[in-house]
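Next, two complexes with chain A in common: one pairs it with chain B, the other with chain C.
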Partner chain A sequence: MLFGYEWDTSAGPLVFAWSILPILLTGVLVTIQAAVLGFGIALVLGLVLAVLKAAPSRLISWPAHGVAEFVRDTPLLIQLFFLYYVLPEYGLLLPAFMTGALALGIQYSAYMAEVYRGGIEAVARGQREAARALNLSSARTFTHVVLPQAIPRIIPALGNYLVSIMKDVPILSVVTVMELLNVAKIIGDRTFNYIVPLSLVGLIYLIMTLIAAGGVRYLDKTLPKKGIALK
Partner chain B sequence: MTEPIIKFDKVVKRFGSHTVLDHLDFEVNPGEMVTIIGPSGSGKSTVLRILMTLEQIQDGVVTVEGEPLWHERKNGDLVPASEKHLRKMREKLGMVFQQFNLFPHMTVLRNLTEAPRQVLGLSKKDATERAEELLERVGLSDQASKFPHQLSGGQQQRVGIARALAMRPKIMLFDEPTSALDPELVGEVLKVIRQLANEHELTMLLVTHEMQFARQVSDRVCFFDKGRIEEQGPPEELFTDPKRERTREFLKAVLDPDA
Partner chain C sequence: MEWTEYFAPLMRGAWVTIQLTVWSTIFGAILSFAAGIGKVSGNGFARWISVVYIEIFRGTSLLVQLFWLFFALPVAGQAIGVDLRMSPVVAGVLALSLNIGAYGAEVVRGAIQSVSHDQYEAARALNFTPRQALWRIALPQAIPEMMPTFGNLAVQNLKDTALVSLITLQDLAFRAEQLRNFTQDSTTIFTIVLFMYFGMALVLTAIMKLLERSVGRWKTARA
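Right after this comes the complex of A and B.
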């Protein structure tokens, strides 16, 4: 029994699979929450990092480059352990789920900063020059001229990272987050049957990533290529 | 003698080792319509881009209405201009680009009201009124709610002109405004520029390859070559009786390419 659900190992693998499905779905929910929260953090942090990296002053851009490089070049698992085991020693105690989402968000922000940079640089130089000629401030130019044209172009790349993040969520099981894989493993430990729960995890993952990829493709098709319209 | 509104004093502009403007001296009087012609790479667009503060200069001084553009006076010395100074100077100038550079994600109306509202602090109502007035002037009253890609090139460029005018500049810079247009759309843009020239309220600087048009509307035509003014004068004089050999060659090549 787990989360109040009983499983049935008496009548073959299909019945067993059916009986553990509700338990696995609670794990799916945690996986999706972690992925979405991590993605949200990465979206915001990635943009901040991209802006800082492009800052005219080296006092700002160099540390930003350093942080991004460090995050990208060290394994997610080490960052996760660091946040989970080391930070509490300095008084920062977060629940396992939040720590996990934060670790995912930080790791992916470094990748997403590069995506933002590419999108921002792809906006025609003439757009910036026109904004300058009209005396728009650089902040206004960025938020109202450059970003609305950059974002539609980078949606596919960002979407791919959402799928990627989802596939990295099982790493959070090492810090006790009850996501899908962790739940399946516990069921296996208790029933000595791993093949059914682990196969189901694979299947559920396939369905989730297919849906996410379809969503990204839909967004890519429907978003106007000319930029997000500002009326 | 009136004080020139634009003055280039021994201005040097280099891109790497390539010198684009070579100690250029150049003056424009208030209300004057000056056309710059010349071969590509002669630095004619660079003059406009420097004035619009899109390109820095390496040496010399540019003044607009008696104030240095790329420098500011501090305790009697000329120091490189701060962004604040550049913003103040930019208010005097408006620019129309070869590639229009309209904001593709904004409606025509929003293209015209964005800067007046954000930079000049106009209310939405005032900015809209100003925009509608300008759209009428360029003959596009019925296009306000469209997006740039729904317009023809000629219409887009007329929006570009209206957008620059919405900031009420004293000086308008036209950087090859018809070069990216299909031939049959050139006329509608030139008509708008001609109207502006006839009103004589603005000082206008036009870089163009439309020689016939330059001849008709300009007060003065400057022939640029190798980063300097090779020859300048009233259009009739320059086009019918050029004094310099290089000018004659150029005009012959562009006016009579088959000969």
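Right after this comes the complex of A and C.
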């Protein structure tokens, strides 16, 4: 029994699979929540990192490049352990789920910064010059001219990272987050049947990534046609 | 325990991580070419197998694949009377190779398909067999195109090796966790380990850049 749901190992693998489906779906919910929260953090941090990397002063842009490279080249698992064990030593006690989402967000912000950079650079120089000619401040140019044109173009690329984040959520199981894989592993530990729960997890992942990939393809087809063309 | 004493066990772990990275990158590259070429081959069965392989391993999480190979497969083997129990090393290298191979396969496919169609027509006009056209015309031009992405995948693979510590393989991540349990000195240990992974990633990137430059010569033949 887990989360108040019973399972049935008496009658074959299909019955067993059917009986653990509700438990696994609670895991799916946690997986999706962690992925979405991590994605949200990465969206914000990635933009900050992209802006810092493009800063005119090297005093800012070089450290930003260094941090992005460091985050991108070190394993999520170690970053997660670092946050999980080190933050409490400095008085910042977060629940495991939050620490996990934060780790996902930090890791993927380094990737997303690159996507933002590409999108921002794709906005033609003339646009920025026109904004200056109209006496817009550089902050206003960025938020009202550059970003609104850059973001629709990069949404599909960002969407792909949401799928990647979803596939990295099982790593959070090491800090006791009850996401899909962790739930399946516990069912396996208790019933001595790993095949059914773990195969179901694989199947659920395939379905989730297929749906997400379809969504990204749909956005890719529809989005750039709306708004101002980037020429 | 002084912090300088951490290095001996961590280095032992790093050596395991390096070996894992090298082997799974090599096997992953072989799988990439097999499945990437399979996906564009004229043989329907090869195409089908490649697509299924790529979709399954790109569509699920590496940790799920690792757990499935390590925990579930032996049970399945038992049910049909075959011993499929694997040591953590074998399961780890297998999962890492299969995973990175599926991502690499899409890179190989893309690069082969980006070779201009005229090249294939010229090869046919010169009476090359399809196999010769692939190996002597398409691949020498496609491989330099793949190299930058392969470099990224190799670093991705290095980072992914940390996950094998979860099936008790004693790599760098495992040693770090072990040391932390023993000393409780989380900050120092994980800072050192992060920098060790970063150092390995920089070296790996440099190696992949060298490789990229050496296969870059193949491109110059094209005027």
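As a convention for this text, the second predicted complex is superposed on the first by the 223 of 231 C-alpha atoms of A that agree within 3 Å, B and C clash if a C-alpha of one lies under 4 Å from a C-alpha of the other, contacts with A are read in each partner's own complex, and residues count from 1 in each chain.
We adopt the following convention: a residue touches a chain if its C-beta (ideal position, glycine included) is under 8 Å from a C-beta of that chain, and two chains touch if they have at least 3 such contacts.
Everything numeric here is computed off the predicted structure, so don't read it as measured data.
J.: With both complexes superposed on chain A, which partner does A:Asn160 reach: first (chain B), second (chain C), both or neither?
T.: After superposing on A, A:Asn160 lies clear of both chain B and chain C.
J.: Determine, under the contact definition given at the top, whether A:Thr191 touches first (chain B), second (chain C), both, or neither.
T.: After superposing on A, A:Thr191 lies clear of both chain B and chain C.
J.: Under the stated touch criterion, name the partner, chain B or chain C, that contacts more residues in chain A.
T.: The larger set of chain A residues in touch belongs to C.
J.: Taking the superposition on A as described, I'd like to know which of chain B and chain C A:Ala130 touches: first, second, both or neither.
T.: In the superposition, A:Ala130 touches chain B alone.
J.: Under the stated touch criterion, which partner chain does A:Phe82 make contact with: chain B (first), chain C (second), both, or neither?
T.: A:Phe82 sits against chain C, while chain B stays out of touch.
J.: Could you say whether A:Gln149 touches chain B, chain C, both of them, or neither, answering first, second, both or neither?
T.: first
J.: Looking at the overlay, does A:Thr9 come into contact with chain B only (first), chain C only (second), both, or neither?
T.: Neither chain B nor chain C is touched by A:Thr9.
J.: Could you please specify the touching residues of chain A with respect to chain B in the complex?
T.: The touching residues are 124, 126-127, 129-130, 132-137, 140, 144-145, 148-149, 224, 226-231.
J.: Chain A touches which residues of chain B in the complex?
T.: Contact set of chain B toward chain A: 52-54, 87, 90-91, 93-95, 97, 99, 101-107, 110, 114-115, 118-119, 147, 149, 163-164, 167.
J.: Sort out for me which residues of chain C touch chain A in the complex.
T.: 55-56, 58-65, 67-68, 71-72, 75-76, 79, 155, 158-163, 165-166, 173, 176-177, 180, 186-187, 190-191, 193-194, 197-198, 201-202, 205
J.: Which of the residues in chain A end up touching chain C in this complex?
T.: Going through chain A, the ones touching chain C are 70, 73-79, 81-82, 85-86, 89, 166-171, 173-174, 181, 185, 188, 193-195, 198-199, 201-202, 205-206, 209-210.
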